[in-house]
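Quick notes on the structure that follows.
Chain IDs A, B, C and D follow the sequence of writing; residue 1 opens each chain.
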Amino acid sequence: MTPEAILSAMLDNDPFSQWLGVVCTHLAPGTCTLEATVRPEMTNGFGVAHGGISYSLADSALAFASNTHGQHAVSVETTIAHTAPVRAGDRLEAIATEDQRSKQFARYTVRVTANGERLAALFHGTVYRKETLWEGPAR
Amino acid sequence: MTPEAILSAMLDNDPFSQWLGVVCTHLAPGTCTLEATVRPEMTNGFGVAHGGISYSLADSALAFASNTHGQHAVSVETTIAHTAPVRAGDRLEAIATEDQRSKQFARYTVRVTANGERLAALFHGTVYRKETLWEGPAR
Amino acid sequence: MTPEAILSAMLDNDPFSQWLGVVCTHLAPGTCTLEATVRPEMTNGFGVAHGGISYSLADSALAFASNTHGQHAVSVETTIAHTAPVRAGDRLEAIATEDQRSKQFARYTVRVTANGERLAALFHGTVYRKETLWEGPAR
Amino acid sequence: MTPEAILSAMLDNDPFSQWLGVVCTHLAPGTCTLEATVRPEMTNGFGVAHGGISYSLADSALAFASNTHGQHAVSVETTIAHTAPVRAGDRLEAIATEDQRSKQFARYTVRVTANGERLAALFHGTVYRKETLWEGPAR
């Protein structure tokens, strides 16, 4: 399957990503860029987006970037630091890049920026690469 | 302010926690237990809850547990491993406990279980403890 | 092989552990306690032990605790926070305990204390459990 | 003080770095490159370098890179993944780069390569930036 077909298999019928309003603006083997706009119901009692919003966007970018190679990849450990507040109306962009990949494991950094200017979160994720492959009519 | 008053100050007018359906069932200095039930719109394309749901619940438990001491605490780094799938209808419970606390930093483990039986996620978080205090009429 | 035989297979002919002066004081499936005394050549320019000393002791405790089940276990990710300074002459104790274990992965916390009183480091490690087993005449 | 003077203040009278055989080959604000050669006494029972060796080199690179700005920086959390075995005789190179820096915190990635070819370890570190400055005759 092509990276696009794998993304489609992952994103179609994904209610949470629809709630987040996720859009994929770039996809290639080992990398993925997602965007979403923060809405008032994603914010917490301090007028800023809950940390779970940046995490969710980054975690999805990790999943898509790591599965584009055609091998099933599942998350093992993910770390996130929230480096600047995110507010309702902000446009978030999450760019996942591959730091390392071996037969069984791969590691990614996802940088989440707000409004194309400030770093909102820095995310690192490790995935386990199964032996099974994404398969389907488009392969 | 008491731990309960601090929790109330954090949870009141918190739209995202209301969307998650978060309920606090236990609160004491350095610890906090939260519960929420997974709904279909929290799941992804694989019929399981998005990793962001467990993260959000654990991150809130970290925030509440670390702020109960009366000093403002902000997250520095958070790590989560998703150890078992979570499905729509599952009742999640997140228990935050304090591993270490010094003047400026404190560290917590949050165990997220599903339906009181299996570990769904293991979360570790580090917070920076500011010099400012929670203040209000209830202190 | 028994946990003791596995430990012996790992520690025998281990020059770095001998340089560290590592002694194992407790071993059982999923747990391990190691001790070592900090010497002047383990300290850095600030009169305190280099962070690599606590890390090395904790990483060894992780390796021994995770391999005691008889299945080969290899480290995937390790995290350490240095929570108090360690000085030459301090006796370090590293206690590894198992937080979670599934077929392919297991997670451990290692608490490193100095002189049995203060927490010097808090370590978390994730291992991948191979399908291969420790084998030998003692099994 | 200049970055070089700060490095000198940290490395002079540092017995552990001398034991490791650390050499600094590049230093500039926010970045640092260190090198060291693995000796037999740094290996463990499997004929490969103990994970503590790569950690120690990376942790020193973090310390030097984060202190070059002239403000005292102390480690908060460090994470390392050992991605390929390191053997006696291998020349290790650790390159620290700055991922993010704000007033109080900064985050770095350290890539440790063996013999200039394969990635041996991937390290991420977060430091707290104190208000105190490195001071001395060379500033």
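We take it that a contact is a pair of C-beta atoms (placed from the backbone, for glycine too) under 8 Å apart; a residue touches a chain by one contact, two chains touch by 3 or more.
Here the structure is a predicted model, which means the values were calculated and not measured.
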Result of counting contacting C-beta pairs for C-D and A-D, higher pair: C-D
Farthest-lying chain, centroid of Cα atoms versus that of chain B: D
Distance between chain centroids, defined by C-alpha means - chain B, chain D (Å): 34
Chain C and chain D: spacing of chain centres that average the CA atoms, whole Å: 22
Inter-chain centre distance, chain A versus chain D - centres from mean C-alpha coordinates, in Å: 30
Multi-chain contact sites of chain C, meaning residues that touch two or more partners: 76-77, 79, 81, 105, 126
Chain B contact footprint on chain D (complex, rising order): 76-77, 104-105, 126, 128
Chain B-facing residues of chain C, complex: 79, 81, 83-84, 99-100, 102, 105, 107, 109, 119, 122, 124, 126
Chain B - residues contacting chain A, complex: 9-17, 19, 40-46, 49-53, 55-56, 59-60, 75-82
